[in-house]
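You will see subunit A twice below: alongside subunit B first, and alongside subunit C after that.
Right after this comes the complex of A and B.
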């Protein structure tokens, strides 16, 4: 199979950029490992995953192509385009290959059926003593300087180079560059690109683009979402599980967000959207303003008096803020405005009440969620403070081992904060039932313990009382850890037994 | 040293652009397609701007009308598309032509390929005019003309949608 050797050559001449910004050697690398084992312990079964470098991703891509070319006898270059077309789902490719009409199979993927006889485009071309004209630069070349894809459209080598360079550098196209002929949708394979592009910088960009599209359209791969990280995670099957990148970032494989146990991806996404968009602004308007019953202009009450006079100069309607009825019957006895309970006014008040309630409810959860997120950010500063303290202790006749409990405590504090943060998202969507009451108790316990631990670490440790407080801190973080586990196990059991009801 | 080499490369690119434009111009002058005529006086020494006169085809809504197209080429031509607009006193009233002369035609932006040419663009525009069934401006003409960039290539055209610059035939 000629395709195979081609595949390897694409990436090995050039120095594939694996310019990973690795943050190994960072002081907490070891601790991260222990975090992993903690997370794993709390999970009932294992969720295997691999962290791949850019080089390994390329190798993985080449392996996938080989697996296809080993079964289906097509060149590797075409296999790559086909695989991309099928989002790197080998099984689907094979299935369609054997089931479908072959011509339409290849046509849909924008490649020429390699089993067909080569097409001879019989376009009349001006020939001057055996030369051919390039339709781009209008110059004449010896036939060996003209090249093209299996579709038969030929252009000179330098115009091809210029064309591909423009597509790659200006338009950022990788896998989807089509033949330069007008109306031809046959895709340019990667070997052709690498042969025809003269500039190493452009080749590198092209490799980036195809590696990127390989990862992006492969369900079992996901780029680590943390900034400047070039690793990707590979899993055996897609699931909402925590994965840990080599850079230390822990995230959910399914949605790519920070690991968000106990809330599920679906609700988290909804929540983040809710927080990000303006839906809550409109809830605020609905809850804190009323509309003039006559001209419908929006009014915010900014004083105590309930006798409203619409400021819309064309309206100037007199009405009562409380019952939204006309002001006239109120006269001097304002407190009797309950009497004017027309159905409409009552409905308006009910709707208002509902809005206020829902806003208050949202803000309750939102404030607690944001508060833990904020604290979590501060805890990163705490790491630095604790590190300084640990160094100081070590100068006071304490061994390295003896002071490690401090960092362990901060680790657990951070885990608890993160879990707590997401419990508020979960709770926001939760409908009240017996299990939700237990959940709220667990949440309360964890929160109280976490705050206590935070207090110890932030305020109560001095070099004098270190020996005394060590026991206290250790007890507290073990307790926190236990409570966190209890809460998560309870929620997971709830998922399994289907006992969570949601409000939406 | 390095500098002079750089300069030579730039010139080489410009020579290629110039050579291609020169050939296109010659063939348009020698064998113009029906209804298409280059205004040779408008073509400057460096060939970066041409005006082309177009006559409305007999038997279509534009019969008897004359239009003028302005082509602008940059030094990435033909890998980058030319900037093409209607200019002059008579801008065709057409659902894909804005009153400022901007044309909504996919081969002028995303479907451009270097294998296309001035001639093929002219022919596409002629056939776009000829196939018109009702003379009217695009539905969003007023807003677009007020807010668009001078260069139509900066406009994000929606060739198949109905948003912003919808250019679909009904």
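Right after this comes the complex of A and C.
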């Protein structure tokens, strides 16, 4: 482990562990810049944000604490508990501090009012020649070896250490560890934790937990959701906008999902839940199967006659697939099933139709959504192929800067695929109207353009006339860019003019 | 097994020297972390006159984590389920290492005096306790008679 320190407070600690930040951040910087400039074409307004390293997050936390302690004269370690209680809303903290009765203000945040005189608990304790008994290990100590918070409950140093270690390592508690005494809800502050925990590994975990709760409680901060990334994004106000992490990951600040324009966070969330749920499996079951009317086992009919004999060996019920009635009255003329047109049977048939239709509709959008998602994954391979091609071109008297158009083409291809993917989520929930027809036309145009670019990049680039290629590729990706922009602008206009109706 | 901590030894000695009225807790002769417990039903409760057997086990990291306690004698109580598991905050999130076997058992005895049907473990029992307390108390008395007396 690196970055350990014996400092008292985690805030004075210059060495705070910054996690496994990758050092190859610079390689990505250029891509990010180009991405930002592209996003801005469709997002004319500015959405400022900052990418923070773990060290900067800690610094940000320290700054927030200092802003409070500069006004209210309380120890920083108590200010942090208070800020955490108010979800890092400084204004709210100040307001409540000056409005409320101070005792209840501190009590609600589970700290002892630092302006009060220390409490002396007059609980009769077993004492042997000036020593005190620790209520946890039952051993006797000199008073200077007993310690505790301002609430006055004292335990020996080693029991405190063990107690805090259990809370941190076993229960994963950071900012909400209460005093070890029964029924006492006063919170343990950072300085006390850092003083009493002996193991550097535990201290480090504690720092992580505190930093994590700082980011998670703070509305204006969000961890980059990319795997193993330790950066966080800081914004001025929360909005559904794309932010770009230093690791290269682009995501929506509001919901943390991949940037999902044109669909909105709410519908995307609904869609993802729908796709993850087994509910769709059950829709399929409802559309394609029936239950044996006797033993209720689920049956899929895969052809053959309508005389069903349940395969459940304990059941073996004979029934008619069409009307689900017992087979016996059907006799030999099952195809004239006289119950077929009864109202009940018709209702059942209608219900099944409807179910089939909604399943078919869902699968239509789902398949296209998944198809673009999978293609997007394959484009990673394309990056490798294109890189080889770019090297080859450079050996043919083209300069490095001249061959960059190929990488740009793949970048745009990926963007288009991602946009297309989310257009199907948008379309699934969209109710038909004039605007939705225009949207579908735009979607089709973008899809056609994207597939052409994809096909050209994958198949048509040969070693001959490399200079020719450049013009063709640039034409194709510029057209894609244009189509993508048209589609997004149209959807955004629709949001502004409120002309999208949803099916749910 | 981990060496028995000084705390467990002291606690056991004190429990045997100054027993809690109405409660006996004796360590198993083969396992000093396992206690055979008998709690007498509190007077003025439907459990009056009953002797309830419990088992109490001190886990490896006791006292940092709570002892595990279970009723062995069947009991009709909204916070104790059919398997004898007890719904009591100090055995879960409100555990403090400053609590002891003694205080845990006292709390369980208090739970018998004051059932809490709003925080139930045995739903059917809690339901009846809320709808018709007199009938629930009658059941509890019957169960006490049937399972907690005589042996």
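Note that the second predicted complex is superposed on the first by the 436 of 504 C-alpha atoms of A that agree within 3 Å, B and C clash if a C-alpha of one lies under 4 Å from a C-alpha of the other, contacts with A are read in each partner's own complex, and residues count from 1 in each chain.
In the analysis below, a residue touches a chain if its C-beta (ideal position, glycine included) is under 8 Å from a C-beta of that chain, and two chains touch if they have at least 3 such contacts.
Remember, predicted model here, so these are calculated numbers, not experimental data.
Chemist: Would you mind checking whether subunit B and subunit C clash or fit side by side on subunit A after the superposition?
Modeler: On the superposed model, which is not a single observed complex, subunit B and subunit C clash.
Chemist: Check the residue A:135 against both partner chains and state whether it touches subunit B (first), subunit C (second), both, or neither.
Modeler: Once the two structures are laid over each other on A, A:135 reaches both partners.
Chemist: After lining up the shared chain so the two structures overlap, which partner does A:59 touch, if you call subunit B first and subunit C second: first, second, both or neither?
Modeler: Neither partner.
Chemist: When the two structures are overlaid on chain A, which partner does A:371 contact: first (subunit B), second (subunit C), both, or neither?
Modeler: A:371 sits against neither subunit B nor subunit C.
Chemist: Looking at the overlay, what does A:474 touch: subunit B (first), subunit C (second), both, or neither?
Modeler: A:474: touches no partner chain.
Chemist: Quick check on the output: what are the common subunit A residues between the subunit B footprint and the subunit C footprint?
Modeler: Common interface on subunit A, subunit B vs subunit C: 135-139, 153, 155, 159, 162-163, 166, 170, 180-182.
Chemist: Which bits of subunit A are touching subunit B when the two form their complex?
Modeler: Within the complex, subunit A contacts subunit B at residues 135-139, 153, 155, 159, 162-163, 166, 170, 180-182.
Chemist: Taking the complex as given, what residues does subunit B use to touch subunit A?
Modeler: Against subunit A, the touching part of subunit B is residues 16, 19-20, 23-24, 76, 78-80, 107, 111, 113-116, 120.
Chemist: Please output the residues of subunit C touching subunit A within their complex, sorted ascending.
Modeler: Within the complex, subunit C contacts subunit A at residues 5-7, 10-11, 61, 63-65, 90, 94, 96-99, 103.
Chemist: Applying the document's contact rule, which stretches of subunit A touch subunit C when the two form their complex?
Modeler: 135-139, 153, 155, 159, 162-163, 166, 170, 180-184
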